[in-house]
Every structure is written in C-alpha cells, then in structure tokens.
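Heads up, the next two complexes both have chain A, just with different partners, chain B and then chain C.
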Partner chain A sequence: MARSNKPIVWGPFAAGGTLTAFLSPALILLTLLAALGHAPDLFAYDRLHALAGHWLARLALAGVVFLSLWSAAHRLRITCYDLGVRADTLVASVVYVVALAGTGGAVLYLARI
Partner chain B sequence: MGERTVEFEVLRYNPEKDAAPHFQRYSVKCREEWVVLDALNHIKESVDPTLSYRWSCHMAVCGSCGMMVNGEPKLACKSFLRDYPGLIRVEPLRHFPVERDLVTVIDDFVAKLARVKPFLIPQPGAAQAGTGEYAQTPAQLKRYKQFTLCINCMLCYAACPEYGLIPEYIGPAVIALGHRWNEDSRDGGRAQRQEELAATNGVWDCSFVGACSEVCPEHVDPAAAIQQVKIKSTIDWYTEHLMPWLNK
Partner chain C sequence: MAEQVGRRPHVRPITSEWIFRHPRYLRYMVREFSCLFIGAWTLMLVCALGRLSEGPEAWGRFLEGLKSPWVVAFHVLALAFAAYHSFTWFQLTPKALPVQVGEKFLPDDVIAGAHFGAWAVLSLAILFFAGAF
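And then the complex of A and B:
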C-alpha cells in the first residue's frame, strides 16, 4: 500500500488547531476588552496598527489567519464525512476554497495597512 | 454478600439453525459481587449449555471476553453486575461478523495486525558488541511502554465509528502496536511499517473521535498513538517532498 499524501492538508490543519487552541481565547478576550474600551495600553489600537505595519508582523498575521481558517475548514470537511455526507471531494474543494479566499482577503487588507 | 435476580437479554445466533440473530431472555440469581462473565458461566453451567462465548483468564489479561454490555464495548470479566441496576443486554462486539452467539469472526483484525509486523525488526548496530545485548534506558522504555499493554481485545474496533464506516481502516490497536515497535530504540523496521501506517487506510482514516481510548480497558490510549503517527508521517512527507536534501 502506498503512503498517503494526506499530510499536505493535515499539516496546516494540525498547526492551525494548535494555534487556535492557544491563541483564540486570548484574542477573544483582548477583542472584547478593546470593544469595551478597556484594552491594556500595550494593545491600544495605535500600537497594534503600527505593529501591523511591519512586514514580519504582516507575515505572521497572514500565517495565523491562514492556519486558523484551514484548520476550521478541514475540521468541517471531516465532520461532514462523519455525518454521512460522502461527497468528500466536493466538500473538501468548497471548504478549502473558502479558507483560501479568507486568507486572500486578509492578505489584501494587510497589504493596505 | 447478597444475591439478586438479574434479567439478561443475550444475543443468540446459530447459523446452522437460525435465519437471523435474536435475543434470548435469562432471569438468573446472581451474587452481588459477580461480573457479567460469572453470570454467563452460571447460565451456561446450569441454565442453557448451548450458549457460546469466548473467555479464558477472568482477569482482564487475555482479551477474549470483549462484548457489548448495554451497548458499550466491555470486557465481560471487568463489568460488575453492581454497576448495572436494570436489565443487562449482552451482544457480540459491534463491527465484527457473528460466528455464533457472542463469538465473533476476528480474521480481519488478525490479518491487519500481521501487516504492521508487530515484532522486533532489529536495528543494525543496536546490539552491544560482544554481549549482543540491547541496552535501553528507562526514558527510552517510557516512549513505548504504554502501547505494549494492549491485550488485543478489540474493544477499540467496536467503539470506532470510522472502522464501522470504512472496513479497510487498519484501526486503533493495530496502529498502537505498530507504533509501539517504531518507538522502540532497538527496532529498525519503521520504514516497512510506515507503508501500512502512513497509507490512506492507515492513520488517515481516523478523524480523531477518541472513542478507542475511552473504552480501552488497559489504558493504552490508542488515539494518542494514532495522533503521534500522524504527526511523524506528516513530518516524513514534508521532509521527503520539500526538503529532499535531508533524505539520505
């Protein structure tokens, strides 16, 4: 039996899952605090805006967005399969394209900062 | 210790006589400290000698008495009657063909197990010169020890929804046992085992439901083995395809 090429899609899924587990709760908390006008000084809008101006920060942000979206897309694909939706190629194409489109959108926004 | 009358509903199937499997009721006096296997033995000895099931050690070591107890994969020798207040329904392990009554056909599992070569394939040079001994540190032992505890009871196969959906899936215990040898510092057979473990019907049919680890009576945690194999196979793939200069 041949070794599978599944790692292509599973690698970013696992990386994104790990990232989401550690990062998302902090991001949700910070966003909520910012929305309520209580963001700590270090995370004030101006500072974050300046940070996102640096190319390294942009690359990291694009990476975080891509991995998170990809991880969610892959999880959705597997959930569909487990729920009995057997059109796996179609489901996979749709969810991955959405993740890539989201990443593309984020890259465009980041480039305009 | 007290006695109480317990109602059992046991799946019966004799392929020579029955058109289809059916349930048979037994109402038997059981001692409070009995396990389901004691009750089955009692039924066979004094109520109905035609009842068939597998068992051997009565102490959760041999892995023969796996069956569905009230819908959950269990070792009959580890399922205490005191934990089941009402009717106890006993069926053969899910996802396996029934040979007779509670006895299942396990050929599929045995064939898959053989495919991952669950034995030492010595690593050249790992033996100590002169003595021929294989030295191993406690830390090296710890890497795989948990996966040696598997008793081949197949409860994890009965619990795994993916195995139910995809019969070709090689399954939790086989992956854990292949991984057990891959993680052994004395072993050099990983490349051979990867042909099975890293195949589509190897780890990649797993969607990380985790039921295998929940039902495992020996706390092998096969789901952990599967995830470790996925990570290692992914690293293999990326080094092989994207960093070819790292390949020896």
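And then the complex of A and C:
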C-alpha cells in the first residue's frame, strides 16, 4: 500500500474543525465584549493570570491554539488550491509553518506565565 | 504531419470564477473563508498570552488596544464567520458520524440536533464561567 502523510495532516484538521466549531463563537464573543469596553470578569489580570498558571488550563490553551491554527492553515491551503493557486508545496509550507510557529509562541508564553 | 494539427492537447484553464456559477459554491467558499478569521483570532490569542506573561501593565495595554473600531469590526465579522462555520460543521455531522441502532440509523435531525444542543450548552457555560453576564 502506498504510504501517505494525509492522515497526519488531516487528523488535526478534523479535530480542530470540531473544536473551533464548538468553542470559537463563544470565545470570539468574549473578546468582542472586551473590545466594546465590557470586558468579562475573567479578563481581570489576576484572575486570568491565575487561571493560565494552572497546568490543565495551559494544556487546554496550547491544544486549542494548535488545533485551531492547524485547521485554519489546512483549510487556507485547500482554499488557495480551489481559487486556482497551484503552488501547493509553497502554500502548504507557509501555512503549516505559521501554524507551528504560532503554537510554539503560545507554548513559550504559557511557560512564562 | 496532419496528426500534429489534430493533437493539440486541451489545457484546462485554471480560474476562480467557478465560485459564482452556483449559490452552493459561493456558500462553500464563504464557509472556507472562515479560516482566515478563526486563524487571525487565534494568532491574536497568542499575542494576548504574550502580553499576559509580561505583567499587568502589558495586559492592560492589550485590553486598551482592543477598543479600536477596527478591532470591533474585525470581531463582528469573525463572529459571523465562526458561527457560520459552526452551523455548517454541525449540519454535516449526520454524514460524518452516522449512528446505527439495531437495523436502523438514527435520523439526521437527532444527530445534528444533539451537536447543536451541546454547542449551545457549551457556549453558555463558557460565557457564564468567564463572567460575561
């Protein structure tokens, strides 16, 4: 059987799609409220800092960032192809690198909290 | 030599105008464009974690920075795209996760409905936990 790296790319995409479907509208609404000047109580520095200091919350945040960025990256790659951009290797490299760099940044920041 | 004339291979033109050929294609593309907003919002989340790690002042500056009309406009668009993505994703769940009970399959509405219900409960739980109301 021919080997394929598709499941490795596609697995996190499907997981991220499901996770963002469940979480992103509510999370975006939270930052929208903050942008409108009605920041939710959780956005107080002490509360959020304490929450992000817990290992479980750190793990969850890193997981959300990775899966969300990866699924967005994969979808952007497919969309570029759909729109007629045939430089797939280049597009794939750029979007996946951005997703991994963003995840790396999140892990680094979380470790400093 | 005549063969060369008749053997001009057809080169399929690569275009993006197909999107507008049918409303269904356009809806598909709108769904796919949600990735730009969800991706950008997630990168903003990474920045937020960075400011949070730098201390209360940096965090306060981040919250102040959110209060620009551009950021509000981005959030309104992002919320609409994210909600549309969630809606279409859960609508597809009966196709992706058919549940067989005995000889029959659970009706599509039950599977999609369970996902919509879970989405609503989870969203309310997040808003409540964050103290949004």
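In this text, the second predicted complex is superposed on the first by the 98 of 113 C-alpha atoms of A that agree within 3 Å, B and C clash if a C-alpha of one lies under 4 Å from a C-alpha of the other, contacts with A are read in each partner's own complex, and residues count from 1 in each chain.
In this text, a contact is a pair of C-beta atoms (placed from the backbone, for glycine too) under 8 Å apart; a residue touches a chain by one contact, two chains touch by 3 or more.
Remember, predicted model here, so these are calculated numbers, not experimental data.
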Quiz item: If you stack the two complexes on chain A, which partner ends up touching A:Gly11: first (chain B), second (chain C), both, or neither?
Solution: first
_I'd like to know which partner A:Arg3 touches here: chain B for first, chain C for second, both or neither._
first
Between chain B and chain C, more residues of chain A are touched by C
So, A:Ser71: does it touch chain B (first), chain C (second), both, or neither? second
**Message:** For A:Asp82 in the superposed arrangement: first (chain B), second (chain C), both or neither?
**Reply:** both
Where chain B and chain C land on the same part of chain A: residues 78, 82
Residue positions on chain A within touch of chain C in the complex are 17-18, 20-37, 39-43, 45, 48-49, 52, 61, 64-65, 68-69, 71-73, 75-76, 78-79, 82-84, 86, 102, 105-106, 109-110, 112-113
Chain A partner, complex, touching residues on chain C are 14-16, 19, 29, 32-36, 38-39, 41-46, 49-50, 52-53, 56, 59-60, 63, 66-68, 71-72, 75-76, 78-79, 82-83, 85-86, 89-90, 118-119, 122-123, 126-127, 129-132
Within their complex, chain B touches chain A through residues 161-162, 194-196, 198-202, 204, 207, 209, 230-231, 233-234, 236-238
Counting only contacts in the complex, chain A reaches chain B at residues 1-8, 10-11, 14, 78, 81-82
